[in-house]
Amino acid sequence: MESKRRYVNQLVPGETLDQVFLVRDRDLRTTKSGGLYISCTLADRTGMLPARLWNATEAIFNSIQTDGFLHVKGRTEDYKGNMQLIIDACRPFAADKVDLGEFIAVSEFDVEAMWEELLDILREIKDKHIRLLIKKFIEDRELVAAVKKSPAAMQMHHPFVGGLVEHTLNVARCAKVLLPIYPSLNADLVLMGIFLHDLGKSAELSAGTAINYTDRGQLVGHITMAAIWVQQKAAQVAEETGEPFPQKTIDLLQHIILSHHGVYEYGSPKLPAIPEAYIIHYLDNLDAKMYMTTHAIQADPDGESSFTSYIRALETRVYKGSGQL
Amino acid sequence: MESKRRYVNQLVPGETLDQVFLVRDRDLRTTKSGGLYISCTLADRTGMLPARLWNATEAIFNSIQTDGFLHVKGRTEDYKGNMQLIIDACRPFAADKVDLGEFIAVSEFDVEAMWEELLDILREIKDKHIRLLIKKFIEDRELVAAVKKSPAAMQMHHPFVGGLVEHTLNVARCAKVLLPIYPSLNADLVLMGIFLHDLGKSAELSAGTAINYTDRGQLVGHITMAAIWVQQKAAQVAEETGEPFPQKTIDLLQHIILSHHGVYEYGSPKLPAIPEAYIIHYLDNLDAKMYMTTHAIQADPDGESSFTSYIRALETRVYKGSGQL
Amino acid sequence: MESKRRYVNQLVPGETLDQVFLVRDRDLRTTKSGGLYISCTLADRTGMLPARLWNATEAIFNSIQTDGFLHVKGRTEDYKGNMQLIIDACRPFAADKVDLGEFIAVSEFDVEAMWEELLDILREIKDKHIRLLIKKFIEDRELVAAVKKSPAAMQMHHPFVGGLVEHTLNVARCAKVLLPIYPSLNADLVLMGIFLHDLGKSAELSAGTAINYTDRGQLVGHITMAAIWVQQKAAQVAEETGEPFPQKTIDLLQHIILSHHGVYEYGSPKLPAIPEAYIIHYLDNLDAKMYMTTHAIQADPDGESSFTSYIRALETRVYKGSGQL
Amino acid sequence: MESKRRYVNQLVPGETLDQVFLVRDRDLRTTKSGGLYISCTLADRTGMLPARLWNATEAIFNSIQTDGFLHVKGRTEDYKGNMQLIIDACRPFAADKVDLGEFIAVSEFDVEAMWEELLDILREIKDKHIRLLIKKFIEDRELVAAVKKSPAAMQMHHPFVGGLVEHTLNVARCAKVLLPIYPSLNADLVLMGIFLHDLGKSAELSAGTAINYTDRGQLVGHITMAAIWVQQKAAQVAEETGEPFPQKTIDLLQHIILSHHGVYEYGSPKLPAIPEAYIIHYLDNLDAKMYMTTHAIQADPDGESSFTSYIRALETRVYKGSGQL
Amino acid sequence: MESKRRYVNQLVPGETLDQVFLVRDRDLRTTKSGGLYISCTLADRTGMLPARLWNATEAIFNSIQTDGFLHVKGRTEDYKGNMQLIIDACRPFAADKVDLGEFIAVSEFDVEAMWEELLDILREIKDKHIRLLIKKFIEDRELVAAVKKSPAAMQMHHPFVGGLVEHTLNVARCAKVLLPIYPSLNADLVLMGIFLHDLGKSAELSAGTAINYTDRGQLVGHITMAAIWVQQKAAQVAEETGEPFPQKTIDLLQHIILSHHGVYEYGSPKLPAIPEAYIIHYLDNLDAKMYMTTHAIQADPDGESSFTSYIRALETRVYKGSGQL
Amino acid sequence: MESKRRYVNQLVPGETLDQVFLVRDRDLRTTKSGGLYISCTLADRTGMLPARLWNATEAIFNSIQTDGFLHVKGRTEDYKGNMQLIIDACRPFAADKVDLGEFIAVSEFDVEAMWEELLDILREIKDKHIRLLIKKFIEDRELVAAVKKSPAAMQMHHPFVGGLVEHTLNVARCAKVLLPIYPSLNADLVLMGIFLHDLGKSAELSAGTAINYTDRGQLVGHITMAAIWVQQKAAQVAEETGEPFPQKTIDLLQHIILSHHGVYEYGSPKLPAIPEAYIIHYLDNLDAKMYMTTHAIQADPDGESSFTSYIRALETRVYKGSGQL
């Protein structure tokens, strides 16, 4: 089934399918003539697909489990402008036989390789205390594991497993090549600030078969969480070295985290007040917008229009043809 | 000098003065005819007063020290709508002989008594972990000392020594009488939230003869600092008790601190999402506005107008006559 | 049927029902196979429920009257995430046999008792003219009757019969206990201002089986209407007493009414310019937010999530677990 | 002195003056060498002029009265970019000998003639009740007298005696010629709405030698005051005719008054919801902007620049040369 | 069929239809019992109508072409508050036999006559260069043809063939009668500015059977396009006359175009800085709002309510009864 | 005088000066005792310095010419917190003997070298039509000369001769190194867009001894001017090559120019709708903020404070110590 899989975002009306889906939800309903039918939502990593099975029985219904896998035979059709699947036959499929990567969105790049490249860039940092601080973060296995799995955002950009590392690496790559152009910047602060700026996302969002906010994510948020981590890891460094961690370094790293959204309206309790905070703010935004625009172009379902549909976060539709003049 | 002192905010043009002032700054200047004169700023706890001493000498100038005290004889006059003092004679005055309370603005209430009343109200809290958390805060002598000295804000409300305690107590008193009206609220969260909401002001502002922001105050801010303190004190409680401090309690207390400004525009990274955060937000604002309006009425210099001058923070002038119909 | 009634907001899919509903609307439609079916909306005081009756006839359709009552037997099911009812049988039900309280939302408290408590609080007012003014309002039987029936808002808070009195009483209770904490406030203005602040809602909204805006409510609004009433009632007092009603008292009461929304954006033509206007603004908001948050928690249909769904008026989801640590 | 008068807005440095001014304020001060001098502000209807009299005596000072008139001989000079007058000699001047028109800004048009033209336009109204309502307004001599004296605004547009009538007439003239272009509009509502829209300014502002807000003007505002007047005058009509004044007409006229600022931010508690309210909103704005731009061009003191200085209310500088291509 | 045509906005449930429609889209779908049905959207110039044809065949489906015409027999019914049509029989209809005016919205006025009246008004312009500039625009046949077909906006106002000319003429008529009231305005700039202000709409929007943005319309916009045209046509004039076109005239005409939306938020890169720009801004808005309100009243489907439904662009519902007191 | 010059921004009170200044303005005034003195403003490229010359004569006054150079001997002093110079003696100085670079602010980098580096980067562009377009711009000697002299802004960033080239080059350098990180971007559009984005500044601002807006700059603005230039140069290319310039390329380049301010509020009539527009928007902002923050730190006069004064454009004070941890 592997190479032949038809992903949800590739489907067109009129296809005949014979493959496995993840079940998101299911309902047993009465038809107008008194019979039973099943309405359910199937999914893979590229999207969701409403489906119907006519002439259902309770037995069939019970064999379909929410969050379980289902082998389906059926046919796609257009229903009020949306795709739906008419299921002809189905049977449960064992979770240990599926390739999870087909069902959960993950970065198209290797997370471990990206993580190593990110650490490589951080090795350019010279400040002793910041290097010790990084060490504390990296030694926190639980944190690192969560970071590697974390998306960069719920929906806006890089919303997939490994997205946080991919986004952070992109921003770090940008900073690395821009720092020679702005030599008066404190490169150590810039690089460490980039490492930290969205790190809290790993605890704000819980990534499994779906991305959700954690309670603490909604009540406290990734910005404050990362600022607290800096305080905690710096205390560990101080304890280990036996000398106080420089307060100014803590203040500036926390300032960068707090101000990186750039404006109050987006949840930054402080506005950037050092050049290093500004460059991180702009590169963070730049990478997010590069994802959002290029992703919108790739994902746009309507081949005939030269613009994507309206994208609320950009307050515009995106023109799809700038790649080729 | 005690009872006879004329405070800066009481002065009218044409008074003859013979008393001590705090020197804020001083300048030696050339008159148009080539002579020397001294321009300086004198102050007490109620305000600042520009002053001139004609026919000055370098010796007189050197006897006047910035941040020192000066015994002055002279006469007030109106200069372009502002009061100024023409100094006839002056001599340095020993700092240890002055009553500091005349020169630094302090709460009109006894700080220790207000602190005790605040702790009394906190004793109504029943949650074991929050009680342990309060204990950690109260045992932090350095913090408590800073809190007792701290103003509640730079300028907006309660900008004087003891202002933070006065404001916090007012809000706690309000909550205490309102809680029976809203019995579904978690009283423990409300009272502890009030205790914490502005606590970071004690580290955001440095209060001496003048109120200023600390570096950390500007870079990180009182909201994030207080959220970090909750994390640290809760860790101390956990260490002491040997059992984890409930995460949910930490989340909710930090949420209350983070959201108490109510809107992003005023530096809250989170909006209130529990009823307890809302009541603290409104009572905090209410007490600030009660101070600002009644203080504006008392401080208004223009006896004939029925309105104060325009107050930017309120976006209006305040009507002075609502007290009596 | 009384105690056994299943209210709309209690229903889950799969229930069998045998009880009376209020009919909101009804449609006779053609099925795909050419038969007839009825689509209608049933309601009680807690919400609305879409319903279907298959194999309908014109006779059945004619027996179902919009705004009439209908005895229904049927079964609930989930349809695309929303509940709907499949009607097996139905017959009209006489309006004089139903308990109207089951179908129209009313305050859970006794309106007359709340009104008496409100008047009790107003009796603390000492100003002679304001007392005469209250008398004129209370003697206006038509107005008082409308006030007692009025909700406090269309949807946002206390949207039910008696809601205006319940909300006004809550705010008055709060003011009563806070006034001793802010003794410089003019208590008479505060209490009378609270009585008046939303009084115009009784003419802005028409409350029957549904809450709607009146024409005058939409064109003129409750704020201006209440300001006009003050003018009219004061003129009646003046006529009765033969001496002019103090202009300043009229000005200040109208100012409190006009400014109680606190910002222009919410329809206040004036910003609060006296402390008494500020406290009313904050207590009004406080009570509304207490209702909105606690109501959102109680009404949230999704038992598994720790947050309610997004509430536009609060710009956030509400955390449901702050009541218990 | 009449035709030779040099008005304040015509003066250039280096002029010798010998004429009467209105005294706004005065101060007796000590020079650095111990002598006395007088600092005062002189004015005519075109502006204010700071002035100095060196080598003053108490006798001279006492002969200069605030709000009195003063015959002055002296010379203008530039002082830090502003004009000031060095007084060589002065003597009090009897108020009954001056032409008040030189000292208080008045409309350049005849107020009585403008008022008559305005009433002429109102005579086109056909609705019986609105005609009776106008009659009640016109019979209110005190109100009409205040209206004729009133400016249209504090500073923004037509800030002079007769300004309210001039502005209202301009808007009425515009409406008169536009109504045939939009025949579906209710012309009676439009014309009466224009008459009423700023009528409250006559009670919001007190116009004497200077324009100020009244207490009621600041606390309640011209919008609500005019809405109340409509209610009162309509009640008088009803009493006189013995039949109720149509509620709908009251609602719509009040709606027009309440909504004529067009947005909440400018103090309208309601947004325009009928076409008649929209046309009044735009014509009101149009006439104000025509005044502001053409007045800014005429008043601009800097002959060399092609733009006026920045005008905050317009958020721009105004280009002075559009009159001639 | 001509006079008997029932337009979409006239239909009520339960009508039997026998007439031609334009087909917007079509779908072939499976019923729950395995049969086929067609879901399509029919349209005329007044709106769209969803339709169903049960018991369909592939042959019937293929006879229905998107953007083709279809003769339909069927019956209307209400489906969830919206009208739909149940098709009993249908057959394709030749495009050359239909009256296109029934299917594409056009101005109710004669476009050629409106264009002539507009040119008549422009003949009042005296400035030689502006007259030459107009000539260049009018000689551009392609442009003029596009202008005559163009709507004035996508949806907001005058969204039909000829709408741009109708709107521009209305604004010109208003200016013509207002100019005598404001004689200091440069009438040539006002009239030419009105001609130009929305001219770019003819290239921003592509009007056929539906109004859409062109690529250049979305990327560059009508404001900048019209500013460029002024530059190009002025260059043609200069070339023809052999003398430079006055720069100032170009600057002012472009300024009027750029600033006519009045605020940055609506896409004006410059704010009005001359009185002529202000009057055009207000008259443009006035005419748009006159259309929007009167059209909303006419189009409102709900005869019983005294208000239209909420209109987002006006931020309010419109009261329908102001025409008659 | 060269190496010994004391620049205005280096001066402290009490210095004795003997050097040349540029005269900005001058006044002859009367002292209180009847004598004459001169008040004037001296300047060099780093700022302005108020100066006084006591015991003046008309002859001395006439020897001082606005916009001329003056050799001055005198002494600096502090006057109300600002520096001023007391002139003891002065004489005119010939303009051809001064080093103009001391008096007019210029880029610290070589403008020609920067221009060459910018052209070098543009040579990476591959698109034939864009290359031809660049050629047309570069061949426009008048334009290129104006560009090389132009500042990048009035005050905000790079406000000096050569500032436009310096800023444009910085942005181009950034893009050059970032393009490999975002390979899907159209590099030709990005590089050409950067070249064009602020090019209009060269006609919006007139740079001489002071930076001012031109009339066309204020009325039309640099954004629209550059869009027009693209149209004109593309027409020249088309004429030269005999084939039409691709419309899409024009649209996209104009779109980038129009949208580069990123939000309507800053004068962009279009929001970015292609990824290339986004990267230019962010890099433009980044370079401006890098200048503003590092310049604010360097220019801050107060050595003791760790923060600069409040910077309105950044809505914050800037922390000066991030360079060193």
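As written, the chain order gives the labels A, B, C, D, E and F, with residue 1 at the start of each chain.
As a working rule, a contact is a pair of C-beta atoms (placed from the backbone, for glycine too) under 8 Å apart; a residue touches a chain by one contact, two chains touch by 3 or more.
What you see is a predicted model; the values in this text were computed from it and never measured.
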What's the overlap between the neighbours of chain B and those of chain E?
-> A, C, D, F
Most remote chain relative to chain E, going by C-alpha centroids?
-> B
For the interface formed by D-F, which of the candidate pairs A-E, A-F or A-B is equivalent, sharing more than half of the contact pairs by residue number?
-> A-E
What is the Cα-based rotation angle between copies chain A and chain F, on a 0 to 180° scale and rounded to a multiple of 5?
-> 180
Rounded Å distance between chain B and chain C, as computed from the means of their C-alpha atoms = 42
Centroid distance [mean C-alpha coordinates] between chain F and chain E, Å = 45
Within chain E, the set of residues that touch 2 or more other chains is 32-33, 215, 218-219, 248, 252, 255, 273, 307, 317, 319
Chain pairs that touch, all of them, please.
-> A-B, A-C, A-E, A-F, B-C, B-D, B-F, C-D, C-E, D-E, D-F, E-F
Mind pulling up the chain A residues that touch chain C in the complex?
-> 27, 29-30, 32-34, 39, 213, 215, 218-219
What part of chain E is in contact with chain D in the complex they form?
-> 127, 129-130, 170, 173-174, 177-178, 181-182, 184-186, 188-189, 246, 248-249, 252, 255, 271-276, 278-279, 282-283, 285-286, 289-290, 293-294, 307, 314-319, 321-325
The chain E residues in contact with chain C across the complex are 31-33, 35, 37, 52, 54, 77-80, 86, 306-307, 317, 319
Considering the complex alone, what residue numbers of chain E touch chain F?
-> 215-216, 218-221, 223-224, 227-228, 231-232, 247-248, 251-252, 254-255, 258, 264-270, 273
